[in-house]
Amino acid sequence: MPASLELRDIHKEYGGRQIIKGVSLTVAPSEFLVLVGPSGCGKSTLLRMIAGLEEISSGDLLFDGERVNDWDPARRRIGMVFQSYALYPHMTVAENVGFSLKLAKMPRAERQQRVDDALRTLQLEELHDNKPSQLSGGQRQRVAIGRAIVRNPNAFLFDEPLSNLDASLRIQMRMEISRLHQRLRNTVVYVTHDQVEAMTLADRIVVLEGGVIRQIGAPLDLYERPANRFVAGFIGTPTMAFLQVARCEETSGRLAVKLVGQDEHTPLLELDTVASATRGEGPVTLGIRPEHCRLTAPDGAMLAGTVAMVERLGADTFAFLDLPGAEDTVAVRLGEDASRIAVGDRVGLQFDAEKAHLFDAGGIAVRSPAR
Amino acid sequence: MPASLELRDIHKEYGGRQIIKGVSLTVAPSEFLVLVGPSGCGKSTLLRMIAGLEEISSGDLLFDGERVNDWDPARRRIGMVFQSYALYPHMTVAENVGFSLKLAKMPRAERQQRVDDALRTLQLEELHDNKPSQLSGGQRQRVAIGRAIVRNPNAFLFDEPLSNLDASLRIQMRMEISRLHQRLRNTVVYVTHDQVEAMTLADRIVVLEGGVIRQIGAPLDLYERPANRFVAGFIGTPTMAFLQVARCEETSGRLAVKLVGQDEHTPLLELDTVASATRGEGPVTLGIRPEHCRLTAPDGAMLAGTVAMVERLGADTFAFLDLPGAEDTVAVRLGEDASRIAVGDRVGLQFDAEKAHLFDAGGIAVRSPAR
Amino acid sequence: MSVLSTGRHQSVSLRFALYALMLLLALVFVFPFLFMLTASFRTNEQIFAHSGSIGAFVPTGELTTANYAYVLGNGNILHFFLNSVIITTLTVGLGLIVNSLAAFSLARLQWRGREAVASLLVVLLVIPFEAISVPLMLLVAHLPGLGFEAGRLVLTRSWLNTLYVQILPFVANAFSIYLFYQFFRSIPKDFDEAAYIDGATPLQVYRHVIVPSSKPVFATVSILQGLAMWNQYLWPVITVPGESARPLMVGMQQFFGHTTEWGNVMAYATIITVPVLAAFVIFQRWFVRSVIGSGVKG
Amino acid sequence: SDQRRVDGRIDLSLWRHQAGDVEESAGRYAIARFEASQSKWHITPQSLPQGGYTQSIVAASLAGQLPCLMTVDQPMVASFVQAGHLRPLDGLIPAAVVAQLNPAAQGRYQGHLYSVGQFDAGLAIFTRRSALDRIGARIPTLDHPWSLAEFDDILGKLKATGAYKYPLDLATRDPKADWWTYAFTPMLQSFGGDLVDRATMRNADGALNGPAAQRFGTWFQSLFVRGLVDRREPDDRAFVTGRAAMAYTGNWWAPDYRKAAGDDLLILPPPDFGRGTVIGGGSWQWAISSTCAHPNGAAAFLRFLLRPDEIARMADDAGMIPVSEAGAALSTDFRRGGKSRAFFDLMQRFARQRPATPAFSAISNSFFFALQNIADGKDPHDALDDATDAVDQAIADAGSTPAPQPGKVRE
Amino acid sequence: MTQSRKRAYGRRIALLSSGPALFGLTLFLIIPFLLAFALTFTDQRLVATDSGRFVGWRNYERLLSISYVVQDPQPGVQGKPAFARVRDVTRADPVHRGFRPFSDFSWGQKRVTILAKDPVFLESLLNTFGFALMVVPLQCAMALALALLVNAGLRGQTFLRAVYFSPVVMSMVVVSIVWTFLFDRDLGSINKLLSLLSLGTIGPVNWLGGRATAMPAIALMSAWQGAGFQMLIFLAGLQGISQELYDAARIDGATAWQRFWNVTIPGLRQTIAFVLVVTAIAALGLFTQVDVMTQGGPQNGTSTVMFHAIQRGVREENIAYGSTVAVVYFAIITLLILAQQALQRRWSK
């Protein structure tokens, strides 16, 4: 039975160091929630607290409205894939996967059936009788997944379950997890570093940074309307470019900006945002994604710079520009013109103001493009 | 000093099971070679044999022309990042990273300097005195990288060094590795599941499957001219679509094909390939990448099918079609029309024959698109 | 924490039961020690007056420190103590190095014959010391050694009456090697491999990787081998007739005559036992859950 | 050079077994007096634990490190002689001096004197006058000890009083063969049996398992069956605490018993089981090693120890029984009327040495196990037969090594 | 470096590191044992310093000779069959010289008596293995329980570790003396406690004096005394089990008991094997307790092989025979170990 999860102002510290600093969050029954965030931000810790493996320093954890802080992991009936796999070294692949069923006293025949099914799904049938020490990294990870999915828990907790798989297997596994979720409708909390996974699997994505939630929302929402510079920069590859705004001006209650590096006679960039939004002090930043940029001739372009690097990925080619007002190189997705661009070229950058994001001095988004 | 590596017909078996089945390969000094392949294909095993951690069952391994099969790992002077990290649990982060320098009897001051530099590069300064058990997965992985890069070995062996990092850190680390390679010009053998890493870092990519090399080549070569169906399907996400060819015809020494599912009156697809190339028996397959497809109205399209799934990743949106002659769903990258497509729509598929790949019955590419 | 983990999930009643069990067991285990301790503060009459009742284990009634005064004041107990300390620490110290190195070589290096040696080791465990003590005595009685005579170092005809006759034969110990061997084999291979990649020689792997990851066994072997040396009796009785190299345990014999002053014996026994328990308490700190495995994924 | 000198004197090493503080310090004083009495010899004493004493001697002998002087348990003399560790004392100690010693204090083997005792220990029956009075038992005398029937009767009556669970304490807690042989061989002998045939010293058959021995065995077993003796005394306080009415033990317990019973204490001769009362004689004695470079010096020390005043001093200091009339006369405790005189008289009249044979350890051990098994219910005849077989074999084995010529000095 | 030079290097390191230990073991264990072996063919006495004479297999023959007599019943009292005393038969018959009865059984009307030249050795052998079978499981289980208990992270576990370990530290002689007193039939606390707990229904048990109870009593005491030792080894083993496996098992729904069986026990597999071997070896060398508490009695009921060897070799000064007992015993145990290893290899295949 899918469970609803609720986290109320959860804190966690390790020997005085605050790791989770007040996380509140509700996960609806059958929801697929993806947790992303930089390395060390506390994702695994959060997952382990939900599982009951780590003590909650303060705050309440509720399953279906009931406080479970003190429940035993077993009682919470969850399936979990550990980031470190944590396979039982003395058991074969099949035994590892079937262990929880055995504990649940499922009859042997039925158990074998379920284990075989899971192994087939995970393309592990051949390794049925291998010990974990005889498996490759990806094979171990799949066994760990098998162990979690073989029974039907209230909720699944996945800690980077696909990180060691190759692209095609990863797509398959991703679909498999998705299909599983479609079928079982369990509640899922899923940690990943893979944005494609996050975007495709999630009902909602939670972005965590330093133990604090920075944004919760549907995948495309996060991509298209990041609430702050952190989320904007974290979601999307290559990263959104941030351009410093030199000057903001009001024109009929609306905002127009001039970017650092634009010379005097370039026209102001008009944004359909009320000017009051940027009343705060400090520099304002404009953000723009690679796919919304175009390269032009340097003359008459919004900004002019040089190509620092070109990445040819096959399907796409990205140019990375050194620009005066940018904090980092600015990524531009190239189209047909890809083959003509080379490192060192002097080029112009052009983008659609409609697609630009604007962040105030505190990094809070004051404008996001309309859908 | 960068070393050249040569593998001559290397075999490896574990208890009678052949894992590596004759790999021959030359890595030039300072070359950045990336090893990809499905989980369990033998990548780690190959790396471990190069490092001297695994005995070579048969074949020769040469460093700069000298046979090193029997050399100690220490003598080979390589840096390695283990897939399993293999950090020393009793040492702090700094001690782990500095251990090889200590063994090399580097003076303490210089050693600390180098360790601090490495930790800064890897954003680990704060965790200087932590033990591995107190680190998150990604932090451990970075320590493992630090350990490999802190000294200046003949060759680097990386086994999925970035798999536990989030996207933005991964990009940073990738650039760091790239910069490192630029500076040091060490020979690198790098295992990854991440295609962006493979495409951007590699001088050449080696595709391994079941212990056999399926193709070696520059990244774009592999993407644009895969030597066989395996490589074609393995490289590129979403995967290249494979459409079954119903009939081949010669028109003035050139090949024209009809796809399964095309009705009688659709014109044959003309490919600029000599017909003799497909004389073999069995079904011939046509391959086409998502970015070369377009959706049209079903009528008059090359093939017609239904939309099975839409993946909106933010920057891109892919539609996956159920088509009669396709083995799997066919991925199509959508452009401006993305928002109009929904699951269940009946659509037509259109693509440029110029961009199509053709594989014979044995899966060997008989035609790749021109550059 | 293992199975009996006392995370917060342990119910209060379970924890209470555990404590109760531990205390009960503690009583069962501590009573001879209490008996010894209590008796050491009593006269012979008092000891027997309380024997067979709970009073034998609880220091009640007339207590006296006379036994300690007597034991410390008569004979050379401090000298014997020093001898025992030297013998024990040297044997343990050398033994830790020699035996762990041998185990390392057996468990972690590849060389021909190592499996044969490992099986031989088990067989050697079986030989009881009693079975070889006499032939060993024949041996050391004829081994040339070094000794001091009139302040000069001289070559002696035998090892009798020395400290080293109590040390050298016991440094290499099949049991210790076997214990190290078992433990070393369970350390993940990855650690060695990483160290070899880092340029370590086998001895450096031993020094920097194996030893630090094996604190619990080192503690175990220290305690066990130290204990065996500290309590050694038969061997020094045979080979060390003089008092100059006599260890503590042998010194206790002087209190057994036609009649025995049990108070003195118990005071002496307490003096022997307490340092060992103290050493145990110090060493056992190495038994905190170590971190093996947390450096590896999987 | 072998001659170690201390203060200009020639140094003689001396090994003694550890026998408790009292005896040991008495020994130290004796050495001090010896050194004060002359200026040629110095003695360096060393006390060794009894547990491995024999093996220490063997090891030292192998390493050529035997001391000049050493104490030897009298029954072990033959064994040591045969192994070549001891030098005969013939000629080193004047015959006149030897002659005045109680025979049990002379360690002889194959006709030569190898050791001399400065003192002896002796067993007696200790009881309380009040206990005997209560059952109306006769108090035995040296001339007229209890007979077997009398003794049995007394034990039975004591038991019947109900005051004693086990009326007689035989020190059965002692796990050492030494005690059992030392304590119960005299009884066996008093019954008419013996450990070996004393005439030939070559076998035990007939002596250890003959009819007399069987009678002894049966009686010994009956002590336990009838509940007269505890099979395993939990401690050595049975008499002191009054748990037992009677104790059969050595003179060394006399002080404690006196303290417990005061004037009520009786020190009585052991019963006469048919062939006269017997008490084991021959305690630890002095010998000179075969490798001693200065037998004269060693002998000088022995002669000093055997002076009547020294014997008396030892007796008074350590509570041990003097071995000569002259010595006893000089002693406070053992002169006529002295509080411990009874022991001296007992030893003078009843002391008998254990057999001087190199197989003594084996004999003693076999007898020990036979007694234990009898006490635990084994058929006495079978048990004694087993012991006899073992002893005969041990003698045969031990005898197969020829004894070295007396006086032969090992290099 | 060529293959052979690499091997030479590896050998050098191996030699360097294992050399001192192997040298020590050879000089101080193997050579003395070989010496002991050589002694078994002589009539060497302990006290004598001259080497004994060569006597061939005599010691072995005395140790291992077995024979039997068959007796027909003689008319006895009340129709019960009676038999002549076996000792009378054997002592009369030169064929049976040196043989003593070991055990007997009825064969129809007849009585068959097994004879041995050293029946005590055979009894001791049986006793020793019996003791091992009792004490090994008991002691190991106790040790494991203690180890788990003091590793559970409860407060005061440092102190408790020391407490549980304290019997190991104490001299076995002192401990044996204390326990002898505890086991005493009339004054011992154990009987008093039993009587108290059973409200007097359990009469005093003659623990050390009864053939049925003596060995179990010694086993109990030995297990109690030694458990702290194995506890230590188990503690070391427990440190090697990864915490994550416990986490995974808890997620899988394992109860504490199931975690014990499925994580702890497998994780301790090597340790358990080791502890079993070590405990068995210690048990097979049982001596001190017997020497102090029962002297092999009652009627050889607690005589062990080591006890026998020391009685013959040291107490009776027949070192050649004592060595023979030790050597034969060593051979038996070694055979058992080899058989066990062979079995294990077959199982694991």
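For reference, chains read A, B, C, D and E in written order, and residue numbers begin at 1 within each chain.
Assume a residue touches a chain if its C-beta (ideal position, glycine included) is under 8 Å from a C-beta of that chain, and two chains touch if they have at least 3 such contacts.
According to UniProt, the chain labels map to these proteins: A, B = sn-glycerol-3-phosphate ABC transporter ATP-binding protein UgpC; C = sn-glycerol-3-phosphate transport system permease protein UgpE; E = Sugar ABC transporter permease.
Here the structure is a predicted model, which is why all the values come from computation and not from measurement.
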Steps needed, at minimum, to go from chain A to chain D via contacts: 2
Two chains sharing the most contacts, counting C-beta pairs only: C-E
Separation of chain B from chain D, taking each centre as the mean of its C-alpha atoms, in whole Å: 94
Where chain B and chain C are represented by their mean Cα positions, the distance between them in whole Å: 57
Inter-chain centre distance, chain A versus chain B - centres from mean C-alpha coordinates, in Å: 22
Euclidean distance of C-alpha centroids - chain B vs chain E, Å: 62
Shared interface positions of chain E, touching two or more other chains: 46, 181, 187-188, 242, 244, 263, 314
Multi-partner residues of chain D (at least 2 other chains): 55, 58, 62, 235
Residues of chain C whose C-beta touches two or more other chains: 51, 134, 138, 201, 290, 292-294, 296-298
Residue numbers on chain E that touch chain D, as the complex places them: 43, 45-50, 52-53, 85, 87, 91, 98, 100-101, 180-181, 184-188, 208-209, 291-292, 295-300, 311, 314-318
Complex interface listing, chain A residues touching chain E: 48, 51-53, 72-74, 77-80, 82, 84, 86-91, 99-100, 103-104, 147
Complex contacts: residues of chain C adjacent to chain D: 48, 51, 74, 134, 137-138, 141-142, 157-158, 160-161, 233-234, 237-239, 241-243, 250, 253-259
Of chain E, residues touching chain A in the complex: 242, 244-245, 247-255, 258, 262-263, 266-267, 269
Complex contact set, residues of chain C against chain E: 1-6, 15, 18-19, 21-22, 25-26, 28-30, 32-33, 35-36, 51-52, 98-99, 101-102, 104-106, 109-112, 114, 117, 119, 122-128, 130-132, 134-136, 138-139, 168-172, 174-175, 177-179, 182-183, 185-187, 201-203, 206, 216-217, 219-220, 223-224, 227, 231, 249, 252, 265-266, 269, 272-273, 276-277, 280-281, 284-285, 287-290, 292-294
